[in-house]
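Across the two complexes that follow, chain A remains constant while its partner is chain B and subsequently chain C.
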Partner chain A sequence: MKTLTKELPATSRKQKLKKLLFSPKLAPYTFVLPFILAFVIFFVYPIISTITMSFQNINIATSEYVGLENYSKLDNPKFYAALSNSARFTFWTIVILIPFPLITAVFLNSKLTYLKNLFKSALFLPALTSVVVGGIIFRIIFSDMEEGFLNSLIMSIGIPAQEWKMQSNTAMLLMVLLASWRWMGVNILYFLAGLQSIPKEIYESAEIDGANAFQKFIKITLPFLKPVSIYVLTVTIYSGFSMFTESYVFWRNGSPNDIGLTIVGYLFDEGFSYGNLGMGSAIGMTLLAIVLIVNLIQLKFFGLFRKED
Partner chain B sequence: MKNKNRISSLFIFTYFIIVCGIALFPFFAIIMAGFKPTADLMRYGVDLSIKLDQFTLDNFKTLFSTRTGEVYFHWYKNSLIISFFYTCFSLLFSSLVGYGFGVYDFKGKNSLFVLVLIVMMLPVEILILPLYKMIISVGLIDTFTGVIAPFAVAPIAIFFFRQFAAGLPRELMDAGRIDGCSEYGLYFRIMMPLMLPAFGAMAILQGMRSWNDLLWPLIVLRTDLNFTLPIGLTALISPYEDNLDVLISGSIMTIVPMILLFLFFQRYFVAGLTAGGIKG
Partner chain C sequence: MVKSRIKLFLSMIMAFSLLLVVACSNENTDSDADSNGLEEGESNTVEPEEGTEDATTLSLWTFVAYHQDHFEYMVERWNEENPNEQIKLEMTNYPFEEMHNKLLIALQSGVGAPDFANIEIKQWSKFLQGSEEDISLEPLNDMVEPILDNAVEARFTNYSKDGNYYGIPTQVAATVMYYNKEMMNEAEVDPMSIETWDDFVEAGLKVKDATGKPMTTVESADTWTFWPIISQRGSDLIDEAGNVIVDNEINTETLQFLSDMVHEHEIAIPAPGGNHSAEEFFGFFSDGGAASVMMPAWYMSRFRDYMPDMAGNIEIAPMPAWEKGGARSAGMGGTGTALTNQSEHKDLAKRFLEYAKLSEEGSIALWTILGSEPPRWDVWDKPEMSEDNEFTELFGNDIFEKLSTIRDDINPINITDDSSRAIDLVSNQLLYNVIREGQDVEEGIKKVADEIRDSQ
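Here is the complex of A and B:
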């Protein structure tokens, strides 16, 4: 009996703790705890650390504060090549990866389309391939040899064979094509998901009012797709400026005249190939600034994510 | 009207035949290349005509019998392990977090969710240098844990799970509570099974992402035998293309698990994206 009364306060404290932990009040925080932890450890801390590093000159054992030196060193042709390549790449992927998937998704959603599932799967198949495998396939198709597939094709219609990976414009073409080929299916699915959440009644009442297909597309489909489009645009901008693999798979050890160099490629070179973490961080901060500014402008322009449904 | 529909239908059908032709052509190209003698590829580039008398399994035989091939299967195993654990962890963590955001109202919820959106919209590439330093200092360089841990809580998956969970009937939670179920029991016993379509869709997305990821594994993994497939395959690309046999047959084999994954979860895919969808 004595021991029991002694134990009682302890168990009740334990139970209280358990009750608190299991209470609907605290439970939500335990659910989101993984994010909070990951956010602090793998996001906030690294960001602070990269900001600090960008003002430092870092060697194997030592680091010294050098102010804005790393940033001023960015004023060089290589960095501008990287900037312009990433910007051009982003521009072209936006031009290709928004309108085409949108139209294709509208067709896929139409009741006039046969074999929908087959087409949907076929278009999604490239997304399952890695950029690396895609790049290897593209290297085969766009072989520099005169006997290579595309070269022999264009030569047969009188265009001279091209050294695809060696010229600035064709290099950009290769990267944009590879990215577009892989991402098309993903964006189609995003748009398709958006289309399927549009209530059918709206179309029906528009039909009763005598709207034609084009009017329905402009007046109903496009406005309803706005949130998806903003999302897709944001992701395209983000992945455009942070593109690395498409370039790496074509020119692992550097492209001629940096025609394939991207911002992340430059960051990778400085940070890992030359061990220059300070400079790499400065490049990273510049990338961050670019993506932030571009995305803020586009979000301001097209409207923000709604916080609630 | 009927005629008009038939013409539109035919137009759309032609459109899809062309677009799918373009999307599938690279697969056709690599499969053709895979069953041709590599000596021909080196000499003539890829000729895509079908010549049955040239058909050969040599490339695949090389893959299964040589030293390079042996290393290749190490990479294959590594990729499978990393992708499996990455996908499981990211689904578990992201679904918990997304569920928390989706079904509960709590103090600080909106500001926390804005943080998720911010992480989602910022390039992770800017974090690779500090993360690299961190991974070195905790001794996780060249380990699979080092590859998986930093990105195991995936904001994009949180976002989808949250959208999906927000659409779940909350009456079920109340019913469960009356029956004496704890909040965590509610998640594991009642709500998680209802979120299966979201799990299916995210399994495809996250599986794809980890299987195909190059940059972060390239930084963390140092020794040949620890490489994943994307790192290994790019290492095989040489200016002289002298690994073409392994490179091509290896690339074909690399696509297979993703296709299986897709076929397995396919029926959940668009459904999961739609219901969870990007409502706004």
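Here is the complex of A and C:
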């Protein structure tokens, strides 16, 4: 190296370096390089390696290609149970986590509501709480014992005590409730942001034309919130199908009759509990395919791919 | 045309990254570790008092923080006795799932594993998968074989494969019956007089008449009731050759018996909360909800931690035998310490492990520090073993006298690649459906056995 520097005149070296640094062709790449690197290392590489792993049988030191065996093994009752649970969970979270946050956001945005900031932060608080901590509280509330919090409440109005974590319908209720509690505030935040971007003038001119509050909501608020709603819907579908935590905090070792088994829960079981990483990867890829298809249909349906004018 | 394709591609990438964000936000879930002492993931280093510079650093991963107490004690004694070979032991406790997953990934990738790891028995199959070259744990035969004659051999067999011993057990984990003395007195039944399961049912009927409470509870979401009884009878979920034998004759008969206790004699109920380690169960049992519970000896610490009101009111007795003179216990659960092949000081690590867990002093410390029954039974009659400690306070000083009568009754359990799956299916499908929902035993057991076979 030293000999090299001596041979080159110092000025020309500097100039060359300067030219390189200020080159309009190279600079943009330099600036996006950190992102590209992070994307390649943490996103592209794991995805590609997951795809290859899904065709392999993986042991600790060795692995062998087994073709489509992992995928063909997915044809089993457990996977269908997981699929059905995840789909129902997604359905219920969509039913709850879009209309309710939307209406709450409208109320929170209204001039007539008192203590807006208090409610905003109170509703957002669950999103900041660890879901494990929240889950423990939920477990205590929904204790199977007759002395449990909710059981003692419903028994006082004449309903028999329920074993919440042991029955299929109440199991789904528990998971949906925990998810709703957790995500309500986040979705309200999205809708609030959307509401605040609606120009006030439109409401004013509607008032001059004699529109009432309900008409304003239907004709102005809802159409303007469409992009936000589509975003929230997309995210809800993703998080619904990839739900794991809500089920995991209730049933650590697996749920009776798989009433709480989700696709990611099944992935976790196969990949980590049973040490079958190839199968886990296959489940992951299948999940990805399902979610992509569902969302592409949904986005098409709401006209996201239509030409913007 | 091209533009719309690019658009579609871009939106797919966006969709991809969204999914990943959502998936990532779902991480970080577990917190199963016992909270005694250490916080999760916090390291605890035992350093020699002087001459730290020459000390060799060894590392240990645990999933139950108080397992470290024993190692801490033993490393201090080692350093006292071996001034020329000081050891600095770095101990880290992780939540249950996290520790086993981290270890598996460290072994798969070939970097980052500790010297020692405490692996829970049901997790062992993950680490003994595949052929010998896949196993990234060191065989420990040279330290196990010499003491095998004086130890409960089955416990070593659990952590072995093809004649190689990879783990040093922490406890015998002998299954026993914990009787509620008060309730048994009320029914005028002496727990020690119950010898067989038939006696148990008879006593159960008396208890039910006298107290109106069930005699015992059966786990419907875990296997701590079903598995000990089939193991006691020489059966298992999977046989030595790796065949699924969940639906063999002994198992079917045993499950029918459990089902009859619940549905026909009505002397047992499904455990509240599904298993004997649920919060619901601790409350239920310490309120005198049932007259007995069958669990391994390590369950003593659950009484200490979660049901302290029961002190002095519990009588430990061997399991009832299936027929007169039959085996009266089964080794269930447990933790084995393994030495990974990534250890840089294998020789020293081996000698320390032998000292800590297999030497006489180490074995005694397993009881005095940890409250677990040392696998070496030749120390069971040492005077230290009947000295007062927090367990003798709860259960009396004759624990080892009772355990000595059943030490030969303990059969090994077979842990193979399919074990985790078999345990899960038996717990969450079979026992749930039969014990709770009253499903027909033969139909249920066949279905679950076939499902495990199909996945092989």
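In this section, the second predicted complex is superposed on the first by the 273 of 309 C-alpha atoms of A that agree within 3 Å, B and C clash if a C-alpha of one lies under 4 Å from a C-alpha of the other, contacts with A are read in each partner's own complex, and residues count from 1 in each chain.
Assume a contact is a pair of C-beta atoms (placed from the backbone, for glycine too) under 8 Å apart; a residue touches a chain by one contact, two chains touch by 3 or more.
Note that the coordinates shown come from a computational prediction; the quantities given were computed from them, not determined experimentally.
Participant: Examine A:Asn76 and indicate which partner it touches, taking first as chain B and second as chain C; both and neither are also allowed.
Facilitator: The second partner, chain C, only.
Participant: Going by the contact rule set out at the top, does A:Phe244 touch chain B (first), chain C (second), both, or neither?
Facilitator: Touch status of A:Phe244: both partners.
Participant: Have a look at where A:Ser255 lands relative to chain B and chain C in the superposition and call it first, second, both or neither.
Facilitator: second
Participant: With both complexes overlaid on chain A, does A:Asn59 touch chain B (first), chain C (second), both or neither?
Facilitator: The answer is second: A:Asn59 touches chain C but not chain B.
Participant: Touch check for A:Met145: first (chain B), second (chain C), both, or neither?
Facilitator: both
Participant: Answer with first, second, both or neither: which of chain B and chain C does A:Tyr274 touch in the superposed model?
Facilitator: second
Participant: Let me test your reading of the model: by the given contact rule, A:Ser110 touches which partner, first (chain B), second (chain C), both or neither?
Facilitator: A:Ser110 contacts chain B only, not chain C.
Participant: Using the superposition on chain A described above, determine whether A:Leu68 touches chain B (first), chain C (second), both, or neither.
Facilitator: neither
Participant: Which touches a greater number of chain A residues, chain B or chain C?
Facilitator: Per-residue touch count on chain A favours B.
Participant: Of the partners chain B and chain C, which touch A:Met166 in the superposed model: first, second, both, neither?
Facilitator: Once the two structures are laid over each other on A, A:Met166 reaches chain C alone.
Participant: Identify the overlap between the chain B-contacting and the chain C-contacting residues of chain A.
Facilitator: In chain A, residues 43, 47, 131-132, 139-140, 143, 145, 147, 234, 238, 242, 244-245, 248-249, 252, 264, 272, 288, 291-292, 295, 305 are touched by chain B and also by chain C.
Participant: Quick one: which bits of chain C touch chain A in the complex? Just the residue numbers, please.
Facilitator: So the residues of chain C in touch with chain A come to 4, 7-8, 11-12, 15-20, 22-23, 26, 29-32, 97, 100-101, 104, 107-108, 125-127, 129-131, 133-136, 220-222, 272-275, 279-280, 283-284, 417, 420-421, 424, 427-429, 432-433, 436, 451, 454-455.
Participant: Name, in rising order, each residue of chain A that touches chain C in their complex.
Facilitator: 43, 47, 58-62, 73, 76-78, 131-132, 139-140, 143-145, 147, 165-166, 234-235, 238-239, 242-245, 248-249, 252-258, 264, 269, 272-275, 288, 291-292, 295-296, 299, 304-305
Participant: In their complex, what parts of chain A are in touch with chain B?
Facilitator: 22-25, 27-32, 34-39, 42-43, 45-47, 49-50, 53, 104, 107, 110, 112-115, 119-141, 143, 145-149, 151-152, 181, 184-185, 189-190, 192-194, 196-197, 227-228, 231, 234, 238, 241-242, 244-245, 248-249, 252, 264, 267-268, 271-272, 277, 280-281, 284-285, 287-288, 291-292, 295, 305-307, 309
Participant: Which residues of chain B touch chain A in their complex?
Facilitator: 5, 8-9, 12-13, 15-16, 19-20, 22-24, 26-27, 29-30, 33, 41, 43-48, 93, 96-97, 99-101, 104-106, 109-110, 112-117, 119, 121-134, 149-153, 155, 158, 163, 166, 177, 182-184, 187, 208, 211-212, 214-215, 219, 229-230, 233-234, 237, 247-248, 251, 254-255, 258-259, 261-262, 266, 269-270, 273-274, 277-280
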